[in-house]
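Chains: A, B, C, D, E and F, in written order; residue numbering restarts at 1 for each.
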Amino acid sequence: MSAFLALLKRDLTLAVREGAALGTALGFYLVVVAMLPLGLGPDLKLLSRIAPGILWIALLLAALLSLPRLFEADQEDGSLEVMATAPLALELAVVAKALAHWISTGIPLALAAPVLGLMLNLDIALTPALVATMLAGTPAISFLGSIGAALTLKARRGGLLIALLVLPLYIPTLIFGISALGFAGLGQDGFTASFLILLAISVASVAAAPVAAAAALRLQMS
Amino acid sequence: MISDLSFTAKAGEALLVVGPNGAGKTTLIRTIAGFIAPVAGSVSLKGDDGDRDIAACCHYVGHLTGVKANLSAAENLAFWAAYFDGGDGNAIAERVDDALAHFGLLDLADYPAGLLSAGQKRRLGLARLIVASRPIWLLDEPTVSLDAASTELLAKLIQQHLAGGGLVIAATHLPLGLDEPVYLRLGARTATPSPEARP
Amino acid sequence: MDLGPHAAFIWASYGAFVAIVGLLIGWTLFDGWRQANALADAERRGLKRRSTSAPASDRGSA
Amino acid sequence: MQTLTQRLANPTRFMELSRAVLPWVAAGACLLIAYAMYLVFLVAPPDYQQGETVKIMYIHLPSAWLAMMGYSIVAVSRFGLLVFRHPLADVSAKAAAPIGAAFTLAALITGSLWGKPMWGTYWVWDARLTSVLILFFLYLGLIALRSSLDDESLAGKLTAVLALVGVAILPIIKFSVDWWNTLHQPSTGFTSTVDPSMRTPLLISAVGFTLLFIALHLKAMQTEIVRRRVKAMRMAQVERDEQRFSAGAE
Amino acid sequence: MSAFLALLKRDLTLAVREGAALGTALGFYLVVVAMLPLGLGPDLKLLSRIAPGILWIALLLAALLSLPRLFEADQEDGSLEVMATAPLALELAVVAKALAHWISTGIPLALAAPVLGLMLNLDIALTPALVATMLAGTPAISFLGSIGAALTLKARRGGLLIALLVLPLYIPTLIFGISALGFAGLGQDGFTASFLILLAISVASVAAAPVAAAAALRLQMS
Amino acid sequence: MISDLSFTAKAGEALLVVGPNGAGKTTLIRTIAGFIAPVAGSVSLKGDDGDRDIAACCHYVGHLTGVKANLSAAENLAFWAAYFDGGDGNAIAERVDDALAHFGLLDLADYPAGLLSAGQKRRLGLARLIVASRPIWLLDEPTVSLDAASTELLAKLIQQHLAGGGLVIAATHLPLGLDEPVYLRLGARTATPSPEARP
């Protein structure tokens, strides 16, 4: 087994055994989505209109708040330093870890979205489009987020700070994710274009973010 | 900071870095491992096939064990084996068993590592030295929280490694039962550490 | 001066601009003044220390 | 022989030079800004389309330009820190960030106060406005990250990584109006085609505020150098005290 | 100076000196509020309609994410244990600390709300009502939040877990805060009633939360 | 856990708790301070005016200093003075100055405590014993990271406190220069600590 796969497998195993992390993220997603109708009143038309936006933003927040632990655990027990002396480039290690975060948090959150959509009276016909855009967009969330997680490894106030650093980077994903759903809802054919842009953003962040994150990690080891 | 230091270590040799607290032992070892960029000077490795990147052929064992509480002892080692050297499942399992056996952890192989005692965790961390073979070992106080028996196991391991032509650089106060270790003595800093320096 | 029907917006934007830039200038000067004071204080202490090189703490009761 | 940059990079040398230059820059800024305001309020004509609201342009545009210039300074300094390890580069970037953030805020506020009469709303979510807002967030992020780390040199390097990640925003701001169809004025080479009666005050105002930016930046850099010196002296004092104390006991 | 005032003053001084904490919270508030219109599209009518809800929810999140540090700093440096052996009851110490949190975070966030309201095209006439309801409601946020902060003092994953524990407790505040604004917007006179309920919730949490938080703190000291 | 332990300490007396690592010294002191509820048994304080709550009239000094990095040394002490005993600003300032002077920190009074060295921070933490007067002092390894000079100061302080009729219970390996300390010896635990116990 290659080093990359070994790390991916280890992080996924840990995510399964420490299931609480995913549970907390899903719980947070649920609570935030549930609060909005409370805040906005039970106007079903209004709710279904803003549902895509709300599902996306709550998903961003839930994924975001699970990011601080991405490198922290490995730093606390010393694994991170050992990894830095291994043949696998730290950049690739970051890719493996961010990928594991996507699989263990991004995908479950994306799959939970349609269920929560029901609470917001989201058109059921939109479900495939919703899940597809979220699956295409969440890699960007995990990978861009890895930059924030790496930068704030030694900072106090982890959670809030990561959010402030990373949310601006999420804005393109958010905009195209929601616009894709908007097109899908109106039956217009802009959907494919938006969806492809979303994919492109994800691919670009998979390529670029690990470099920045690995640089930040290295700086903090010295 | 450490300054005016120059030394060479040859294959088959153990270099023991000694000195009082705060002398810079940890700093030196972390510099060799490549974590800290030296302000001036360089670390170089001369191989048969030209110069190689030192960090890529060394094992670093620091104060932390790199052991995951939620993986079993065997899983922990299997991960590091695959991470350092790759190889198929059977070969890895064999190396893992060897390593566990050497440190007397075979009985605990399937226990979550979180249940092990501090000394056992430490031994599990050291077993990493066996599962993947690297020519250079950088050890920072490897005997901390090890009892006499475990220290002896470690010393035996180091001797084997040296006999096989390996190189060991260790910060430690114990001679580790080595025949003729080379000592590198670092002096105490004159000034006290700056208050910002967190140990 | 007649600024037309939208005078309020012009004044508001100039007002906001002056407020922001004014705060920025004020803060920059204040911070400079504060640090200069701190430096003067630190230098004074340094001088005092060098002149009175008594071995024991002058006020501590060690 | 030292090169010019090496000499400038020496903090003591920088302090001397900047102390000599700063009054002139500040005076130039005051004069040009005063002259520009005179032209704007007493000479320049109203625009045939926008009427008197075009007066907002004379502060909106310089703010927008300086917002971007500020980020460029941060990014270039940060790059200098990572690559050349200039200690002054860190000082420069740290000093520039709050100034750039202030001008970004000014661009946002004057822009939205211009938007209400022109577009009928303070804010629309178009590409240009949104990208400037993201620039503001980036500034906030830089400042927040910087201040949440105790270790000064680590903080400098980490902010450098963030600043370089964020550089992509500059071309987006610049070209957003060309790439996407938006409400905001496209950049039609406005500054060269417009009537001189409006162009002259705009240029004078822009140069004046740029000088102001430089003056503030120099002053903030000086303050930062002094702050570091104070800290070093205090730490030395702490150390001396500690030694004196241990010696006093024997 | 009484012990209570001394603690209050100390926490406020620290909040001022470590100004970054407030800055980060305000920045997060701004970012989250700015993201919602991005997500919902630039429909100004829609925005101004849901603005109160958005401002409230984003404020809840911003305040919430600044809570993990409430007791953490005192625990890390040992102050918390010393306080536990002092004459002032730990309950009152919690009151002082939560009060300081309210003054240093709740009030600034409440005052920032109308400015952010502009971005959401909120009716300017609503500003006094907005600020008043938020000032009346935020004490509940700080005090109820102190329970979450105390409970998660030793847990990893502080941010997400606190949010999950405390957000449900915030729901009454949220509902009445927004309904008060709804009445104010329609010019109906239900405003006073909602406002008074909001005040009552705050008073009740000021009275009850410190007991729970202090109990949680004591348990974690042994 | 500690069991079968019973002792009385009188005013003017110093009780030094000694024993090997893990013997339960810290546990004992934290129990007296009221952090840990004893599984069986009780801690009681007999005063002239009936029984009083022990936690409310003791100073507890543990491993951590309770010093805020962003307050100056004087502000740190002034806070604890006001927090423990109240009083008006002038009285507090006087007590703070006394305490700083006793530990040789007067020159650094206005510096942020974060700048102080580890030893100075530790002394600042101990100065709390002076700014507010309490009859009982519970000290857990108070001499850790103190140099000889500071240890001497502390010993003097403790003697003064005892002479004034105070009571000191300290876990420490040094006799602290006391005339006739009472020793309480705790034995080593037979079992090794369970792996979960974090020191």
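Criterion: contacts are C-beta pairs under 8 Å (C-beta built on N, C-alpha and C of every residue); 3 or more make two chains touch, one makes a residue touch a chain.
Small disclaimer: the values here were computed from a predicted structure and weren't measured.
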Other chains in touch with both chain C and chain F: D
Joint neighbours of chain E and chain D, given as chain labels: A, F
Winner on C-beta contact pairs when E-F is weighed against D-F: E-F
Equivalent interface positions on chain A and chain E, same or different at half: same
Where chain B and chain D are represented by their mean Cα positions, the distance between them in whole Å: 48
Centre-of-Cα separation between chain D and chain A, whole angstrom: 32
Multi-chain contact sites of chain F, meaning residues that touch two or more partners: 104-105, 107, 114-117, 149, 152
Per-residue overlap in chain A, given as positions that touch at least 2 other chains: 156-157, 161, 164, 167-168, 171
Two or more partner chains touched - positions in chain D: 130, 137, 140-141, 144, 148, 150-151, 234-235, 237-239, 242, 245, 248-249
For the chain F and chain D complex, residues of the former touching the latter: 104-105, 107-108, 111, 114-117, 119-120, 147-150, 152
Parts of chain E lying in touch with chain D, wherever the complex brings them together: 19-20, 23-24, 27, 30-31, 34, 37-38, 41-42, 44, 118-119, 121
Chain D - residues contacting chain A, complex: 130, 134, 137-138, 140-141, 144-145, 148-149, 151, 154, 157-158, 161-162, 164-166
Complex contact set, residues of chain A against chain E: 20-21, 24-25, 27-28, 31-32, 35-36, 38-41, 46, 49-50, 52-54, 56-57, 60-62, 65-66, 68-69, 156-161, 163-164, 167-168, 170-171, 174-175, 178, 182
Chain E contact footprint on chain F (complex, rising order): 30, 33-37, 55-56, 58-60, 62-71, 75, 79-80, 82-84, 86-89, 92, 125, 128
